[in-house]
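Both complexes shown next keep chain A, but they swap its partner, so chain B is in the first and chain C is in the second.
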Partner chain A sequence: MQNISKKNLQFFLKNLKNSKVMLFSSIWVTIILIMSLLPFLIAPYNPNTTFAGKSNNPPSITFLFGTDYVGRDILSQVIWGARTSFFIALGAVIIELIIALPVGLLAGYFGSFIDQLFMRITDAMLCIPTIVLLIIAVTLFRTQSEISIILVMGLINWPWLAKTIRGETLRVREEDFVIAAKSLGFSDFYIIRNHVLPNIISPIIVISTFDMAWFILYEATISFIGLGNPTIPSWGRLLYIGRGFLATAPWVTIFPGIFIMLTVFSINMLGDFLSDVLTLKIR
Partner chain B sequence: MSDLFSKSSKAYNENILSIRNLSIEYHLFGGEIVRAVDDISFDIKEGETLGLVGESGSGKSTLGRSIIKLLPPSAKIVSGHIFFEGEDLIKKNEKEMRKIRGAKISVIFQDPTSSLNPAMRIGEQIAEVIKFHQSRYSKIEVKEKVINILEKVGIYDAEKRYSNYPYEFSIGMRQRIMIAMALIINPKLIIADEPTSALDVSTQAQILELMKQLQKEFNFSCLLISHDLAVVRYISNRVAVMYMGKIMELASSKEIIKNPLHPYTEALYSATPEVKPTIEKKRIILKGTLPSPINPPKGCRFNTRCYKAKEKCFKEKPELIEVKNGHLVACHLV
Partner chain C sequence: MLKRYIFIRLLLAIPTLIIVTSLIFLLLHIAPGNPIDVLLAASRGSREIREVLIRQFGFDKPWHIQYFLWLYNIFTGNLGISLHGIPVISLIASRVWYTLELMLISQFISVFLAVMFGALAGYKRGSRLDKTLTFLALLGYSIPDFWLGLIFILIFSVTLGWFPVGAFSLGLSETTGITSIIEHLRYLIPPLTVLVIACTPYYFRLLRASIVEILDADYITTAKAKGAGEFIVIYKHALKNALVPLTTAVGTSLGLIFGGNYIIEVVFAWPGLGTLLVAAALARDYWVVMGVSFITVLLIIISSIMIDIVYAYINPKIRFGGAEY
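Here is the complex of A and B:
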């Protein structure tokens, strides 16, 4: 969208200077992004290489974050794990947007029968706890590929987003400019695309960011209970491995734990901040 | 029903819009029915401006909206015809109506702040109308047309302003943009629904002056809806006074000021402030407020507040009759 103008960018940069939390969050998310895009350049070792006789080594100069019980470098695994977490979260957000956008927009704009139909479906999905659905779905799929995890998370989480989009659409639908657009003879789908969507895009972006943080947590949860793919490193998988050695080798869990916490925190802060930046223009 | 208006669509020779016996009802949530527009007939001639005055709740906006068939879902057209260029709009379906809206009939809304999409550049918003209705123009031609119309409605530096967002304009400027949007593909009829109510007095005058001038240039007919008799008088050829869904009086704007026949028109006129303090005007103060539209008074609808009401007014509904050439009144006292 053409939503981010010069003013928004100036506002963003100005606030970045003033708020240390914002500055930290932006830097942190940038680091994670670089890690997930170029892990092969940053990671000191191959994350799956086992170093004989180096099992459960504490942090040292050769292994900055220590090693796990089979002697793999934790730092390299954390760096490669960023890629897993980030891409799975991004993929799941895209999947949920693909479903939630049309459902929310159509239900909110047309109301009546379509609204009833879509909203009852979402209600039915909302009454089962997400994490339970997630575990059932991952078990049923049996494959542990990232694609299936992305699909499952996207397919399970869309009702929340759809409800918000519907609510926002309901609000915008009653605005005078939508009535004005109708009085100019525009068709409904044209109005939805060109007048409704641009005006609800900022809450959608904000919620999608928050959802990304959730998906990182969900992915970690799935891996933590041992349902993830054992061949690719992920933060949740590291927690799963380190669980048995909490007393003897706490670094296996502590470092990925810190990464999960800081990433989720930073993304949430950025989402919050993004909502301020994006609503700026409408006023 | 009076036979003042010919009932056939053949009346379209000089009349761009002919409304015949139009009734619109609102079906409220509790099952109550409000007749917002009750058996109304009038014509708008080509190039003419008809002013529609009335207080809030008189049904004037409902009437305006019904012409482009964009009524709220609770409202229904019960009976009547709306002939536009000789064709009955009531019989048209949504798809056919879309081709008329914006292209042949445009609406100027009351509040230009909320009627413009806040997330879209104003030039694009106007260009959109051309793109939707006349796809034959190229991008450059469309932009030229938009800049041209922006200049005509008095936006300086139109080429630069093209890519500004609505919040970067003053409210008077926004109303000019709304007018540009309504005029961009040269519609035959403009429905101006309280176009100046949201503006301050000095801007009001500018906008009215602009509309007068544009009407000469674009030669559109106009239905001007307003609660302000002064505004209506300023640019209308004829004025219709509405009260509780009925037309009380219809005459040329000169005639209605000089010689108001209906007590309601007299009261309405006496309430408009006079610029010259030397002119002494008797202020007629009506008692009470609008009666409930769910149970409108029997007989003349104005009888609860009329200061001249007689016994007959409480029993019989007055018909709209032609008193003088072109001067129509619905009152027993005339």
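Here is the complex of A and C:
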């Protein structure tokens, strides 16, 4: 195990040297992580402090990214927004894993009726545009809180993850070591935990990474439509505010958008990298 | 055989539609608050008016009865009435063409561009052109489409003034003939451009990957050995096979395509189903939300059937047999 992780690390470092894009993505994700863990240390101001007479100020030395219509510092809001985006995305991934993991494992491992029922539901869910369901759910519940956005996103997105987990479980189920374990009389639970799960963990990690990027986009979309929590700084929220001042204060729109773009880009790059390392192994 | 296939697919669509609509109905029902109260909050209506309205919209019946009544009414072409008393079906009828227009044109252009550049990049893999295109696609893939819309408005509408800033007025246009077409285009081009930029990278990546794979295949070597020109090799032999995974991708991402389309409609205030849905959801207009969701799912199912037919057409290995589905 240690050997493999050492090899992975070497592969990662080699990749960093060869690809500038990869290097950039790693640095960017690290920056975003630091921002979301320690925003109070980095942000120059409190994101909710309104500076009197400083509304819609263009970028300057005091306000690097400018200010919004009530005179709040954009840079500080962007830094705190990283925290919102990151934790909402992480929360949603955890929720979707909690549901998709048992459903996918059971459907794939036992097959038959559970599988049929589950596949029907998944196919139906695949027909609804996720964002449509999100709009309906979030508006109707007047949620406006991060917890409900996390719950709704996790609850809506799990079928896709479950589908992959089911497929992987189906593949592993036919492997010799599972058949051997069965013939030795181990319980189904034991086999799933000790033989199936460790063998399907790689695609799960890869998909969860890509889903992080999706959830950051979804959260931004929801907040952009005006359904986010107005008291918490978020990238999508800034875009919602900025939309009303596009002509007079374009910086409110430009900077958070660049942050969303670079973050989604970097996470996708890391996801690509992880899928190379984990699923294909190192050749 | 084809007719039979379409018939069976449509039959299979019925349980899907029932699952989806009952799920949305359940969501609407468990949400706190009553649409009538939202409606009356503005006009401070009396208790009696409230009772009358609740009965008129059918909200006094138990929720499962409400759902089955709604389901039954679909067969008579009645999707209920909006809170403003307009039949939902006519609301949808006035919007659906705008959505379809935007979506069909943008998908057509996106696939066309992706095929052109994807084939080129895949054929010249490793070249500077390939690297540039791949990088651009990766970047385009990560841009939130609604943000791209805002930037587009900022540059081309606000700063340069090429396109109108406000909403497209629905059916109120007084101009006719060529001026009205130009006016229509001025509103259509911004959301169209953004959708094309948002969709093309996705298809491009797929097409490039499959072209790279296919160019190693034996029949390509054979075609080259027989002295076929580069153009023929890429655009006839390779492309025909590379289109198969692309078609699958379009089919499985229909939900994303519709969703993205709706968001862009909201950004540009394009009078399609997306703007209707968001407005209705905000006003808790139950039957409009149900109607738009139903039509969306129906459109997705119909598109997926059409894509399957195209799929069979470009991939002769697949035939509409009896047992596969």
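Keep in mind that, in the parts below, the second predicted complex is superposed on the first by the 275 of 283 C-alpha atoms of A that agree within 3 Å, B and C clash if a C-alpha of one lies under 4 Å from a C-alpha of the other, contacts with A are read in each partner's own complex, and residues count from 1 in each chain.
Quick note on the criterion: contacts are C-beta pairs under 8 Å (C-beta built on N, C-alpha and C of every residue); 3 or more make two chains touch, one makes a residue touch a chain.
In this text, all values refer to a predicted model and were calculated from it rather than measured experimentally.
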{"item": "Touched partner set for A:P198, first chain B, second chain C, both or neither", "value": "first"}
{"item": "Contacts of A:W160 with chain B and chain C, given as first, second, both or neither", "value": "neither"}
{"item": "Touched partner set for A:F259, first chain B, second chain C, both or neither", "value": "neither"}
{"item": "Contacts of A:Y240 with chain B and chain C, given as first, second, both or neither", "value": "neither"}
{"item": "Which of chain B and chain C A:F118 touches, first, second, both or neither", "value": "neither"}
{"item": "Of chain B and chain C, the chain that contacts the larger number of chain A residues", "value": "C"}
{"item": "Which superposed partner A:W80 touches (first chain B, second chain C, both, neither)", "value": "neither"}
{"item": "Chain B partner contacts - residues on chain A that touch it in the complex", "value": "2-3, 175-177, 179-187, 190, 194-195, 198-199, 201, 281-283"}
{"item": "Residues on chain C engaged by chain A in the complex (per definition of touch)", "value": "15-16, 19-20, 23-24, 27-28, 31-33, 135, 138-139, 141-144, 146-147, 150-151, 153-154, 158, 252, 254-256, 258-260, 262-263, 266, 277-278, 281-282, 284, 289, 293, 296-297, 300-301"}
{"item": "Chain A - residues contacting chain C, complex", "value": "21, 120-121, 123-133, 135-137, 139-142, 213, 217, 220-221, 224-225, 239, 242-243, 246-247, 250, 253-254, 257, 260-262, 264-265, 268-269"}
{"item": "Chain A contact footprint on chain B (complex, rising order)", "value": "68, 70, 97-103, 106-107, 109, 111, 114-121, 128-129, 132-133, 165, 167, 178, 181"}
